[in-house]
Structure formats: C-alpha cells, structure tokens
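In what follows, structures are represented as structure tokens.
Paired with subunit B in one complex and with subunit C in the other, subunit A is shared by the two complexes that follow.
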Partner chain A sequence: MPIINFIIYLLTMIGIYSLLAMSLNFQVGFTGLINFGQVAFFCIGAYTSSLLVVNAGVPVVVAFLVAMALSGIFGYIMSIPTKSLKSDYWAIATLASGEIVRLVALNEAWLTAGPFGVMGIPQILKDLIPKDAYPVFYLLFVIACIIMVYIFLSMLTNSPFGRNLKAIRDEEELCLSLGKDTQKLKLQAMIVAGTVGGLAGSLFAFYIQFISPENFKPIETFLMWAMIIVGGRGNFKGAIIGAVVIQLFNVSTRFLGNYVPLGSDSMAALRMTIIGVLIILFLLFRPEGLIKEKKKVYD
Partner chain B sequence: MDIAQILINTLVRAAELSLLAIGLTMVFDILKFANFAHTDYAVLGALFAYVFNRILGLNLFLAIILAAFVTGWVGILIDQAIFKRLRKIGAKPVTLMITSMGTAIALRNLMRLIWTSHTKTYAIPLQKPLEILGARITPLQIGIIVVGLLSMIAFHLLLHRTTFGKALRAISDNSDLANACAIDSEKMIKRMWFLASAYGVIGGSMIAMEHLLYPRLGFDIIIPVFCATILGGIGNPYGAMLGALTLAFAENLILALDLAPLINLGGLFNVGSIQISTGYKPAISFMILIIVLLFKPTGILRKK
Partner chain C sequence: MLTIKNLEKRFGSLRALDDVSLEVEDDSIVGLIGPNGSGKTTLFNVVSGFYEKDGGEVYFKGERIDGLPPNKIAKKGLCRTFQVSKAPEKMTVLENMLLAAKRQLGENPFSALFMRPRVQKSEKANLDMALELLDMLQLSQLKNDYAGDLSGGQKKLLSLGRVFMLKPDMILLDEPTAGVNPTLRVQLMEAIRQLQKMERKAFFIIEHSMKVISNICDKVYVLNFGKKIAEGTPEEIQQNEQVLEAYLSGA
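What follows is the complex of A and B.
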C-alpha cells in the first residue's frame, strides 16, 4: 500500500523536523538568538552517529549520545565569537558556521566520504521488528523522542533558567543589570539547542540510511525558520504545527511534481519561492504566527 | 605567486566587494538592519544585464548601467512593499533582518525559476592578459579597477557635495533631529535604496564577469560582502571600502601562501609545499569573519 507508506514517511519527516524546529524555537523564540546555521546541528548529529556506527561499530545508543553531545559542544563553540554581540552579528556568524560544517563534510573525504556520503547505515533493532511493521515502529520511536524533548524543553523554559532566557530576549540590558551572566546563559542555551538538533540529525540518518552533504544545504535552515515563523515562536506547540504545515507543503509538492509540466529544478525553485513569500507574509500580517505565545503576567 | 600578482588580484577583488559592501553598510546605517537580500539584488541586476547584453544585444557597459537603473527601482519597490510596512508598524530591526532573509530566499528562487540554475556568461571576447611588473592582468580587470575607483569617488562626492548626501548623513547622525529640520526621510530612504541597489548591481556584474553568473551567486558572495562590511566597521561607507581592500588582500595572501614552513617547524618535518585546498576557498572569508568578530567586532573604522 504505497499511500500508507507515503503517509508514514511524511509523518516521520514531520517528526524529525519538529525536533529541529523546537530546537530553533528554543534559540529564537525563547532566547532571541538568531541562528541562520541551524542545519549545522542536524549535519553534525547525522554524521557523528552514522560514522560511529558504520566505521567504528559503536553501539547505536552510544552513537546517539555522542552525536548529541558533539552537536551541543558545537553550539557552544559556534556562539563564542558572537556571545557579546548583537543579533546581526549572530545571524551572519551562524550562517558562516553552518557553511563551514558542510564544507568539512564535503572536503574531508577520509572521514566523511566527501560528496559520496555515508552509505549502509543500519536500521535500529532490525532483527526484532518485522519488516512490514518497521516504518510504524520508527515513527513511534520518533514520536517518543518528540514527547521526551517536548517535556524536557517545557520544563526547562518554565524553570528559573528559562525565565532568564526570556529576559535576555526581551530586555538584555535589564537582565544584565540584575546581575545575570547573559553571555554564559546564551552559551548554555546554544548547548541545549545543539543537543536537540543532534538528536534530530541522528534520527534522520538512521531513518534515511544514507546521508551526504546534499542533505545539509543552507536551505534546510530556512525551512526550519519558515516552520517557526508560520507556527509561532515562544511556544513548542507552534514549532510542531509549523513543521506539520511546512513539511506537508514541502513533501506534497514534491509528490505533485509528477503531474506538473516543470523540471525538478524549477519545481524546487517554485517551492522555495513560495516558502520565502510565506515567511514575508507571516512577518508582515501575522508576526506572532499561528499559535501565539502565552505571556505570563506576574502581579 | 609573486607580490605584484597578489596586489593586482587584491585590487580587482576589492573593487568588486566594496561596491557591494557600500550598499549593505548604507542600509544598515540608515535603517539599522542587516539586509540579507542585498547580494541577491546585485545578482538580479547582473541577470538583467545578461538579458540586455545577450538577448537584446546591448553593449555590456550600457547593459550594466541600464540594469543598475532598473534594479535600483526594484530596490525601492521591495522597500515600499515590505520594509516600509514593517517600519510603519514599528517592527524591531531583528524582524526586518529576518524578513530580508525571507525576501532573499524568495528572490533567489524566483531568479532560479526564470533563468534556471545554469551558469551564464556575458558576451566578452577572449582577452590577452598584459604584463605589468611580471604580473598578468586582463584589460577587463583594469576596467573593473577603474570603475571601482570612479564609483568610490562618485560616492564620496555624492555624500559630501549634494543635498541628498547631506540629508543622508543627517538622518544617520540623528534621525529625529533630521525630521525636525524638515528632511523628508522617506524620500531620502527611497533614494538610498536606489543607490545601494544600483551600486550592488555594478559590483555583482563585475563578479559575474570575472567568474560565472548563476542565480545562487548571491548566497555564495554574501559572507565575503558581510565580512568586508564588518571588517571596515558596519555603518561606515569608508570603512566598507577599507574593509573590502583588507579582506581582498587577506584572501589573496592566504591563497598564495605556502603553509609548509608552519608545519615543518624549521626542518623538524619535511613536507612539500602545502596550500589551502580549493574546496576550502569559500571558507577563507568565513574564517576571517570569525577572527574579526572575536578580536575586533567594531571594525577598523569605528562609526564616528
């Protein structure tokens, strides 16, 4: 039944991108950090976990944990040059970091197999799950990860740490004047976001079973941005809804491409043009997104 | 590669980058946001020039002037349709920046839709390079340097000898005071967008002439252009020129450098000549950008 398989594929991809959107939302919506290189976490997570398993034979669980840790560390490193700077500098420096990661994946062939990509990534628990049920199993696995991340991030943003982050977003000077070390808080926020991004990357690699630098182009970052702009920033439901909307559009138009007399390159261009316009329209006419952040009022 | 060649390559690259950096820095100075669509405007203009040059058969020089003019108006139109609305509702500069990123994505892919992803070239006859002090330079490159230099002089005169330039500097210094002095800032902002976009088109076309033209070019040059702008001190047009020159020199020097002595440590190892692999060429300006952000984020020329 190809249609059911397609729906399961779609839902799995929505799930993986929800994690990425939640991670980006944590940076942009809660802390006010403009990250135009979000795809770097995705890339590092995917490459680390798959290379550890394929080349070094490390157990999958360990590979996932190392991938998450490395992405988190990268989040820390990535924000060192800009930790004291304004959002314009964040934007361009993170864009550059994202590209550097992709260039390393493309050029260091001894490690990453360069443009050919990593092949033969094994399926998790392949022997225990019947072949027909595997896609459903993986979807449930992704959903379980989303629930865990959702609970973890919600707890974090409702904690004093999360309130500090929101204070940085709204009034950094005020936050500084209250004696908060805003630079340290920003670095910590990036570590958390990187870890979640790394998890998404690992899930993606073990789902697709083949990754190459082509999967981690800068355009992926802007898909994630479209998700949080459409869905709404400052709450994680918005990120998930945004991922649903954008991925539905993204994947279904790829599917429709078979019926439209346009080449695949033109079709991709048309799709991204519409996403760009969507970003602009939302920022102009509904800047809070589909789901508005509920701001707590303290009396 | 000898030093004369490095200097010539530096001048060519600096001419291209400074034309792009000036527009970016001007928009930042007046409207307080980094316009991520700036290089895409430039590529749009370069593609217009391609149409005028290849399809209508216009002289390349005329084609670029005409394209700069048309794209100047596109810059104004986009501002009226998008950025002006955001200014009116009092959106934060961050929102304007994110919107400019959305604009960049839409514009870049629209260009890809219209002109396809294939690379394009202008109608330029093959040129025999001249030899100056043992370095090679084509007449085209001489033209690029001259046009770059003339544009910088024109910009300086515009900023200091015309009412528009004075008004622009007044808005940059203190926009409320400028408004109180009956300076029509919306009108000046329109002219500023025209100038920024048109200068960008000249720079973008020069890059396209020297290398190749394709719709994604805007993304490929965004980091060097931002790097030049930040290096010079964002918001300062003279800084943009100086930043472009510094970045161009650093890029060419690193490309020409032989890294072997660094690794050999005075005879400890014996490695042959090592140069930056071509795959990492785009990363050079990224690395310079990050070093600048780490050590001198205010740039060489701090604003006023």
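What follows is the complex of A and C.
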C-alpha cells in the first residue's frame, strides 16, 4: 500500500506543477515574458486561500477564487515595469518580486505566522469522502483543474489574442507598427498567468495542509523553468510532460535516500546538479524541448 | 494628409533631421530619396512614433500626432513598413496577415473566450481577404510556411500584404522593392498605383531606384545630411544639379 500512496502523491504533485508550468509557458513560450518570479503566484495563491479559510473561516470556493484573483492582480503589478524595462532587465526584476513575496510571508508574522507557516489547513469535502479514497479524490480534482486550465489556455492561444501575444514574442516593434497596444496585451497575459498560478498555489496548500515560506524559494521557479525547457515552449502538452519528467525525478529521488549510501545533504545537492545537467543537455541537443511548438495551419 | 513642419532629430551632435518640412497630399504617391545616411528612415521613424523628435510638428489628417506612441499613430490610419522587414519567426505567412487585420474581435482574453462564434466569423472574413492579397503578392503557395523561413524579398512582399490588411489611409513604405525580383517589382508598383486610384490612399515611399520613383511618384523630396535639398516632380528632380551632385559625390 505505501507504494500506491506514494504514486498518488507523486501524481498529485506532478499535476500541481503542471499548472505552474503551463502558466509559465503561457508567459515565456507564447508572450516572450521571461519571468523568474513565477513562484510568487504559487506563494500568493497558497497563502491567500489557506489564510482565508483558517483565519477568517471563508468558504473554500470563495477562498480559491480570491486567491486566484489576488495572484492575477500581482501579475498585473509585475507587468507594469515591462513598460520601461527591456526584457532581460525585467527578468531580473521578476526574480526580485518572487523573493519579495516570500520575504513578506516570512516576516509579516501577524498575518502569515512567519517562519512557522500556516498549519491546520482543512481538507476539502473531508466529510463526504471516505478517508482511504481521499488521496485519489484529490488527484482527480487536480486532474479536473488541469483539463479546465488546458482548455482555457488553449482557447486563448488559438484566438486573435494569442496571435498578438506570439507576435509580441517574435517582433514587438512590428506589433506596435500594426497598432497593437503591446503593453496592455502583456498586462492581460500576466493576469491570466497569475490566475492559473494562484489556482496551483491553492491546490497545493489544501493538499499539503501546511505551508511555510520554505515551500516558495526561488528554486521552485527554476524547477518550473526546467519543466518548460525539457518539455518544450509554446505548447501546453510540453509543459505537462516537462512537469512529469522533472517532478518524477525531483520527488522520487527524495525517497531514494534510504537506499543509496549517500547522506541526505549530498543527495539533495546531487539532485539539483543532475537537473542542471539535464537543462544543459536539452539546450545543447534539443533546444525546442521534447514537444515542438505546433504550427498553426489554415486550409 | 500628412504635414511635417520644421522637424528636428539629433543623435548626439549629429543632426539626422535638420528643419525638414514637407507635405503628402491626399491620394498621392510621394517619393523620398537621398544618399545613404541622409535621414530618410529616421524621418519615417519619427513620423511613425518610433523615435522621439527634438523639434517641429507632425500633422496627420489635420491632427497633431508627434509624441504619440507608434500603436496610436497606426490606429489613426498611418501605417509603415520597415527597411529590414520584420517577420515573426514562428508565425506562418497567413498568421502574419491575420495578425494585421483591422479591428479584430477576440483581441483580449474576455472576448477570445466568450464571443467565440463571432470571433470565428470575423476570422473567416479576414482569412478570405488575406488569401486574396497573398494571391496578388504571389505568396499563396507559402501561406503555411513560417515567416522566418522566407527570403528577404518575400518578407518585403509579406510586409506589404500586412499593411494592406490594416486598410490604412496612408502608408509609409521603406524601400518596398529592395530584394524583390524585377518582374514582381513592376507588378508591385502597379498594385500600389491601383490601390491609390481605387481606394484613394496616400503613399510615401523611400526608394533608391530612380526608375521606380519616376514611374509612380507624383512628387519627390530629396534629403541629404538631414536637410531637404530639393522637391518637385520626378522629371524636375532628375534635372536638379544639387541632387545629381549629392548622389554622385556619394557614389
């Protein structure tokens, strides 16, 4: 039984990170926005929904929606400097915004309980689901969210809106010359991406039932980047496959420590080293990732 | 249609545009020529809002447009192409054309999600128009190729197609025929002529080929070292000694 429980845990974490990778792919792969602060959405989503439920007793559905809205608003705030910063400098700014969000969670103890984190986050619909079936139920819930987000984002990227985003990614000046308000489009893209990231954060908090600033370090952002580098940019299947590959590796090696004669510290370091090597290998030999961006063909 | 008054643009101590005044009248084709580095493209960049001016005024359809961002100027009906064609690498030729279409539905997330039937209908109409234009530009067989894979000349044609999709009132063309084969070049010029006659659009064209200029332009302005040194009909310009000197000393 423990092995089945572990597999369900693994799949659920893959699912949650798929959402984060899809959101990041929407920014990087479609709009060309190099966001190194993706974890901020994850963090805001997790803290908002869990604090609303734990401290304010807000219904879970409302808490999820508010969490998504707040992450979306944070996406809007993050997009403001794109007006004056070139993309590489904006990328540095996003790295900072990710850390700022985590540091606020760490230091504003009156709101977030600081380093102790938020404890006792209740399980959703706990009374209705038998205890044994709960992990499977939650996994199905996460999968349902993935399907919804997949459809939602695909509808957007296949629309004239998505076409404008791709054009910003490839040739921003051309977009301006065609009368597109690129600033506004980037802003809208960041709101969409933030909302999806907030959903992932809420799902994570109510799954783990305990969150602390430790969960939202910059390394999480780089795992999400590894997912879209391995999976491929400019399509959502790639993001999901990338999440599978990286999470499979990242989560399963955590438990391998018991069987490998290495200390847990060296295991953790080794894990990151191998992910780094994987990224380099992909950039060298398969820069487009496992799944290429699909060409949009009209007949 | 377009009135430029005492336009100035400096890059450091270099006067790229020095007190340039000119006018493009309604439904006319006006040429802009001059040696390399004389400020032609700079003039386009300032007029289309990509550069900030250092002095002077620009009016389009009687309205002052200097200081507006490029997308607002394009929305007002003044559109441009680039000397080095811009072609989104990972977008097909048809996507490029559809990208440019004017007043599209579904350009924001909300309408893209909730007005899909209407968006699809407008896409269909734009698609028909795009195919027709591609036919005229002889790009039909490349419609599903990535724009990044086109040759330089084909990119020039595509940028013309995109601008036509926008249906502007006035078009600034920066060397529209550079790299285009001679037969097609003639056809292109013919297409521009027809468009100007039928739809009464104004064109302002930077061009190096005197032949092209004298074939289609009603009026020509000549720039040298950022200054306007001559204006007149193509015949007058070809006789103008100052112009000949500028071109010969540069060559």
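Miscellaneous remarks
FYI, the second predicted complex is superposed on the first by the 294 of 299 C-alpha atoms of A that agree within 3 Å, B and C clash if a C-alpha of one lies under 4 Å from a C-alpha of the other, contacts with A are read in each partner's own complex, and residues count from 1 in each chain.
Please note the rule applied: a residue touches a chain if its C-beta (ideal position, glycine included) is under 8 Å from a C-beta of that chain, and two chains touch if they have at least 3 such contacts.
Just so you know, these numbers come straight off a predicted model, no measurement behind them.
Contacts of A:T82 after superposition on the shared chain: subunit B is touched, whereas subunit C is not. When the two structures are aligned on the shared chain, A:E293 is found in touch with subunit C, with no touch to subunit B.
In the superposition on chain A, A:E173 makes contact with subunit C only, not with subunit B. Contact with neither subunit B nor subunit C is seen for A:M119 once the two complexes are overlaid on the shared chain. Contacts of A:G162 after superposition on the shared chain: subunit C is touched, whereas subunit B is not. Of the two partner chains placed around the shared chain by superposition, subunit B is the only one that A:F36 touches, whereas subunit C remains out of contact. Touched residues of subunit A, counted separately for subunit B and subunit C, are more numerous for B.
In the superposed model, A:I280 lies in contact with subunit B only, and not with subunit C. On the subunit A side of its complex with subunit C, the touching residues are 152, 155-156, 159-164, 166-167, 169-171, 173-182, 188, 191-192, 234, 293, 295-298.
Put simply, subunit A touches subunit B in their complex at residues 32, 34, 36, 80-82, 84-85, 87-89, 91-93, 95-97, 99-100, 103, 106-107, 218-219, 222, 225, 229, 265-266, 268-273, 275-280, 283-284, 287. Put simply, subunit C touches subunit A in their complex at residues 48-50, 69-72, 74-75, 79-82, 86-92, 94-95, 98-100, 102, 104-109, 111-113, 116, 119, 123, 127, 143-144, 146, 148, 162, 166. Within the complex formed with subunit A, the residues of subunit B that make contact are 28, 33-34, 36, 82, 85-86, 91, 93-95, 97-99, 101-110, 112-113, 116-117, 219, 222-223, 226, 230, 234, 277, 279-280, 282-283, 286-287, 289-290, 293-294, 297.
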